[in-house]
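Inspection log for the structure reproduced underneath, given as structure tokens.
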């Protein structure tokens, strides 16, 4: 029993897996930050969706005017959804990639570029920077995930 | 060959990993339930998005009036998206946390509070309960994931 | 050190895990393809959300008219969100299922039907095919994930 536990927790001793764990935790925390930024803009711009969220502003018509969309809130929400669309594949494919036995230096290169590109993407979306800044950072992250998927399929292929 | 297979499937013998598997399956099934609730409200409220979904109600103008948004449908959809935004980080960070060798009792505490908070969040969103019920349950789940991420980064840190 | 690394990377030698890795990589790449299709429709239909994305079409009013929604773009985006809602549970539950020690033939059956159903679902959404084509393919994928979750809970149950 103890032996089994020791054996399976040792996955975290693998250096490539440790790097995967570090970068995945960082990029998922970054994605979670989008919720806080959305909440910040909803409160400062007074722009809500749910009637129960505006109850503290009073009853009836006085509260209803805060049920509205705001460009800044919508911008953060688009950035958040873009994170989901891109970070979910990274987390899933990255795990399989980390288990496929790549060189540590190659793996670090993939993880660092992806996480750097996604952090840049968030700044590019929220500031916002002129295009093609945001588009390029999206493409860089996309290509890294694609490159990891290629190695996973080459190593694991069993259809 | 058989030896390898036996070794890797034994991860499921680790008690912390079994707890992770149990709570992750439960909370992902809960998230999947949101699709059924959306479908239920779309059909009972007759509120659809795709023209091909209203074809059974007749052709032309008679079917077009069912291409509309409905407050109940939109509410379930917001709950579903909120699940995606919060359950995805839990599943990813929770896996790394389960492999970082925490005490079973500590791990169970994290998993139970997170899954309990997300189930409460769904009820708070759909009933809906007055704030800050929904907000607090969201914050509780968020904090649990944050706490797990802290341990993952402390254990695995390799940048 | 080397021994640890060898041990953990051997997960990829497990045939069920290799099948999981193959099908997960394929279905996540399919989901990532939705971003490219969205970009294709945004550019060909000239329908954008962010003002900075239309800057290359000129300044002021001439560019503003491209800040609009387009039915084809919205359709792809709904397909993408539906992918997220369904592929995230597959990836999470499927990993636990692959580690629960199922027969290779049973696991392959689950993975093949799920990925086949999701590929069909994308075609059904984008062409679009008349209902219940899209609805049925959604239900098939949903049922496969449910079946895997049942085995995970039966094998790992620790509440």
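Each chain carries a letter (A, B and C) given by its place in the written order, and its residues are counted from 1.
Rule of thumb we're sticking to: contacts are C-beta pairs under 8 Å (C-beta built on N, C-alpha and C of every residue); 3 or more make two chains touch, one makes a residue touch a chain.
Since the model is a prediction, treat every value here as computed from it, not as a measurement.
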(message) Using CA atoms for the superposition, what rotation angle relates chain B to chain C, in steps of 5 degrees?
(response) 120
(message) Are the interface residues of chain A and chain B largely the same numbers on each copy, more than half shared, or largely different?
(response) different
(message) So the centre of each chain is just the mean of its C-alpha atoms; given that, what is the distance between chain A and chain B in Å?
(response) 16
(request) Specify, in ascending order, the residues of chain C that touch 2 or more different other chains. (result) 7, 11, 15, 17, 84, 88, 95
(request) Would you mind writing out the residues of chain C in touch with chain B in their complex? (result) 7, 10-11, 13-17, 75, 78, 84-86, 88-89, 92-93, 95-96, 99-101, 128-131, 134, 138, 142, 145-146, 149, 152-153, 155-159
(request) Please give the residue numbers of chain C that touch chain A in the complex, ascending. (result) 4-5, 7-9, 11-12, 15, 17-19, 21-26, 28-29, 31-32, 34-35, 49-50, 52-53, 55-56, 80, 84, 87-88, 91, 95
